[in-house]
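Take this structure, written in structure tokens, and hold onto it; I'll ask about it next.
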Amino acid sequence: MTDFEPVLLANKTKDRSWTLTVYESGGGYQTLRQVLRHKSPQDVTKAVEASGLRGRGGAGYPTALKWSFLPMDHPGPFYMCANADESEPGTFCNRVQLECDPHQVLEGIILSCYATRIRRAYIFLRYEYHLAYQRLEDAIKEAYAAGYLGSNIAGSDFSLDIFVHRGAGAYICGEETGLLASIEGKRPYPRSKPPFPTSRGLFGKPTVINNVETLACVVHILQRGEEWFRSIGTPPPPEDPKELGSFGPKIFSLSGHVNRPGVYELPLGIPCRDLIERHGGGVWKGRRAKAVVVGGISTGILSCHELDTPLDFVGPVRAGCLGLGTGGVIVLDETFPIVELMYNGCRFFAHESCGQCTPCREGVPYAFQIVEAIRGGRGRLVDLDTLLEISQNIGITPGTTICGLADGAAWIVKTCVNKFREELEDYIRRTNPTGYKRRLPLGTIMLPPGVPAGIKTRFPKTLPPQGTSALSRSSQETGGN
Amino acid sequence: MISENSAVGRQFLDDELRRAIESYFPRYPHRQAALLPALHLVHQRFGFIPREAIVELADFLGIHPAEVADVVSFYSFFKQDRPVGKYRIWVCRSLSCACRGGEGLLELLTQKLGVAPGQTTVDGLFTLEAAECLGACDCAPAVMVNDKLYGPMTPEKAEQLLEELRAAPAPEVTS
Amino acid sequence: MAIALVDGIVVEFDEREKLNGIQLARRAGIEIPHYCWHPGLSVVASCRMCLVEVGKHEPTTGDIFFFPRLMPACNIPASDGIVLVTQSAKVQQARAMVQEDLLLRHPVDCPICDKAGECYLQDYYFKYGHKQRRTPWHPFTSRRKDIGEKITLFVDRCIMCSRCVRFTREISGSGELMIVDRGNEQVIDIFPGFPLNNKLSGNVVDLCPVGALGDKEFLYKQRVWYLRSHGSICIECATGCALWVDENQDRIWRIRPRENPFVNKWWICNDGRYAYPYIHSPQRLTTAARRSPDGWRPLNAKTLLQELSAFLQEKERWVAVLSPFLTVEEAYLLARVIRQADPRAPLVLGYVPRTGRDETFPGGFTIAAEKCPNRRGVEEVIGYFARDVRPIDELPQVIHRHGAEALWITGGCRHGWEPIPWLEEIRELKLPVVLQDIFPSPLSESSEFIIPGATFAEKPGSYVNRHHRLQMVRAAIRPPKGVLPEGKLLWQLEGREGPYDPAAVLQELAEDIVYFRAALGPIPETGVDLRVNLLANSATDASNGPAAESMTIDS
């Protein structure tokens, strides 16, 4: 494993790595030329299928399988959406990729579109990535000028247009169907599946949605062959042949309380401890890790005893987490209170919930209010059970929401309560010595009378002064009676 | 679509802006899809999305103003009430930044600027915003001013940044 | 036929019907609770109330494979071998959770909410909710906001099912409503300056599963549990939408659409919805009277009958005007009564109000330009008796040619008689007129007899809409004192025994008139399409020869 040579981030250290000249000098777009000249779309799909490439965006769905769902008899047009709306807290690998090596992503998109016979692709980029946007736009211009985009790419009869579509600060746009609605100019509500995007997606047409890192992997699979790809990572265990295995390199984003935060391209299946100790330079200030968010905040946490978990598609699941997620690893040291982690996570998901499904719209803020009460010293032991109950019942895993956003909140709450229950109970006893045992819902999470929960001010710390209370405000609003 | 008038004013969407929006039309099969790029253009021009601009934009794209406002209100980037300040300061408060002092940074800036997150200072110079993950966790705690990232920040650096911005000439907004 | 299993009950269905889980369960007699799903709107599956366990029957092995996740029944296409479980502990827990979530910030202001009593949130809470509220906060605000001429919004009662938003985008096509903000701060709203004033706006009130959208005409007027609903038909245009007339002690408080997939689906327009106050107008004619040298002489039911029979015999040459506001039965009875008095009396089609053009909405709903309910039915009745349907504009010529001595005119339009070009001519002829109408008019002032008529809500009968669909109406309220419903009067005038029985009259005329033959036998709630049997009959009748002529009218 020590001799692992990064491919996705190989150009990162080069000077002006985002320009076409540098990319081409490193052998860039050669794969595209070769494939267009010698391989059929089926060959590309077969190679990707044989490589066992799974989506890097979070769900880990086999890429070739997704492509194969495109209907054969549809008159088209088909669309490709490259998902670069990377808003998961703790994840920034797509940003680094697009800033340092946009051409690699473009080549991946072109190859994937060739494999799926798609003529138009959109890159959904989150608005916060200004530098990435500029470099991507420049790269697209260069690619058009060099004949890698547009009609008759590199002399073949394959044509493709790529457009960048920028978001505007909404986490839910990273969900594939929310992303589609956002491009369509509608409120980015995720859609209920079925129908799946591969049969009815963007503008009602069959659409493939892949993460940009997944698409970048396609370049290297075709360049170095599927055998090379399968030689990296963890194969499926022999006793479970249904398992798909985790092959290939993955860019991990390491942040939090480590000495060297940053992006690290490593084989899938690397133990979490290795990533932190060997590559990240260990926990900062000489402290020990208490918990590690394993793959972006929505996947839940590993406790310090589970640091040997291999970071592949199954390891975190065995450790009680949602999955590998985006590979955004956040290390938290021994001084960081777990209740803060829950508070931060729940606030994020309550803020980013699109508000479509009831269990997510109401349930996540509900959990957040309970966590906030615990953090504010108004917790009760029974609240932990309520939190567990909520977290077990919301999300796409039990099936109560359309998309997986609520799962993020659920897993943060669930893993924290399960793995750090003692600490949380201690905290509640310590901060609420008079009320921690109370079971009846009396005044523990009291709202001032008349203030609608979560309407404008969630939980004002102080009661509004007499006379300007929300009650009198609301009576003005109802003046039309 | 708009029932009472075909003569929607053109005071906000002038010809230049319309041309810029029109340049997005070929990218999509129908006009409504150009809504988000159009909103970015409007926001860039005015610093917020004026109500009249929504009406004009809706007329231009052939949809109802409510459908535009529906989208505008969803995204946290768009302001609807008044223009943002010259510098829009986003302070990341997500876990990676929060665990390295992002919350404290936000509090500090709130005090220094005298505004709550989401508000603009009286002199129209700064708008403070609490961001949910700027995707810059490697330089946590991160701060983004307009389109430029700063990090890792410390309270001292943040104060220094404010001073620099106050002294600096008008920024070039490039995107 | 495909087979599905819902809670152990076998349901047979046709896959081409494209049912979803909720509809499938209904076939088994099981109601799956739901908020956001509505058969007339697109599926968003966002309320998550209709979650069920779904399995698939494997025909080769006989095993049932259950999906690990709960699924929204509204978004499950019914396919062969599908298995739904709607009562398991898992499902019940999910339902209780959704109910709890919805009520977290709901004001629970049922005592002042119009919807109380027919509110889904209330009903489902008692059926599926937790027994006790465990959250300690009790938000009570009930912000009200006017969003249109007729519609008001109670912001905090909303459960964000988005039915109303989808309605304005998909059915009315006007798109006024939107969702503002996101997450749990989002609310329904209009864009300032663009109120919800489209012609179908009233439907959003019926669509709202809770009390968030209120109808200003109905607001704070009645508690719904005092209301009784009666099936009826809208008479405001030739579409003939099916209605529920909600009344309390002979006063109508509300008109709602009644589902009829063949006519109006689930919608009605505001013209029909808000027209009812005229029924209770104090201006209505309520006293039968006969002109005498010293003014009007009021008549009671008995003397009216006597004097009318005498008058009918006294005059030999009659002309009758059959209003398109009459029911089919009334038109038939009137034609018979007049033809008894004068066997060659011409029958003229009454005043057919028209305004503008047909208005069709993107969802397919159409408001007809023809503002009367039964032109087609009355035309067919006239055609049977007179073979020749004359419009009312030709009335003077008809009178002249026939040498009429007396006129029988029926009205019933709430707008009265529009500027009538022939009115002066009639006046100059000094013909005695027997007038049945609901409001006083220039015509009623110069009549010999004034007979107060009943409105559609006050009399039973049937109407034929412009697409040849015959629908039955029951009387929703009793007519005001003094009003003699046309059918009842004519029934007695013809000398029939017993109480007025429109069903018997309909059977009689269905036997007489080929066009109405499909109405033989019981009429379903959704009415019958008279064309169906007409086509079948025309094949047989054409060979038989007679009676085919009545079909030629308005085909």
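Chains here go by letter, A, B and C, matching the order in which they are written, and residues are numbered from 1 within each.
Here is the rule we go by: a contact is a pair of C-beta atoms (placed from the backbone, for glycine too) under 8 Å apart; a residue touches a chain by one contact, two chains touch by 3 or more.
No experiment lies behind these values; they were computed from the predicted model shown.
Participant: Linking chains that touch, what shape results: line, ring, star, complete or other?
Facilitator: The chain contacts form a complete graph, every chain touching every other.
Participant: With contacts defined as at the top, give the pair, A-C or B-C, that has more of them.
Facilitator: Of the two interfaces, A-C and B-C, more C-beta pairs touch across A-C.
Participant: List the centre-to-centre spacing of chain A and chain B in whole Å, with centres computed as mean CA coordinates.
Facilitator: Distance between chain centres: 23 Å.
Participant: Averaging over Cα atoms per chain, report the distance between chain B and chain C in Å.
Facilitator: 50
Participant: Where does chain A touch two or more other chains at once, residue-wise?
Facilitator: 170, 187, 351-352, 354
Participant: Which residues belonging to chain B are in contact with no fewer than two other chains?
Facilitator: Only 63, 67, 70, 74 qualify.
Participant: Could you check chain C for residues that touch two or more other chains and list them?
Facilitator: 179, 181-182
Participant: What residues on chain C touch chain A, complex-wise?
Facilitator: 43-49, 51, 67-72, 75, 77, 93-94, 97-98, 101-102, 104-105, 134-146, 152, 156, 159-160, 162, 179, 181-186
Participant: Going by the contact rule at the top, pick out the chain C residues touching chain B in the complex.
Facilitator: The touching residues are 169, 174-182, 189-194.
Participant: Going by the contact rule set out above, which residues of chain B touch chain C in the complex?
Facilitator: That would be residues 1-3, 51, 54-55, 63-70, 73-74 of chain B.
Participant: Where on chain A does chain B make contact in their complex?
Facilitator: My answer: residues 86-92, 94-95, 126-131, 133-134, 163, 165-171, 182-188, 203, 253-257, 261-263, 293, 297, 328, 330, 332, 336, 340-341, 344-345, 348, 351-352, 354.
Participant: If you look only at chain A, which of its residues touch chain C in the complex?
Facilitator: Against chain C, chain A makes touches at 170, 187, 189, 191-192, 194, 350-359, 361-363, 365-366, 386, 390, 393-394, 396-402, 441-447, 449-456, 470-471, 474, 477-478, 480-481.
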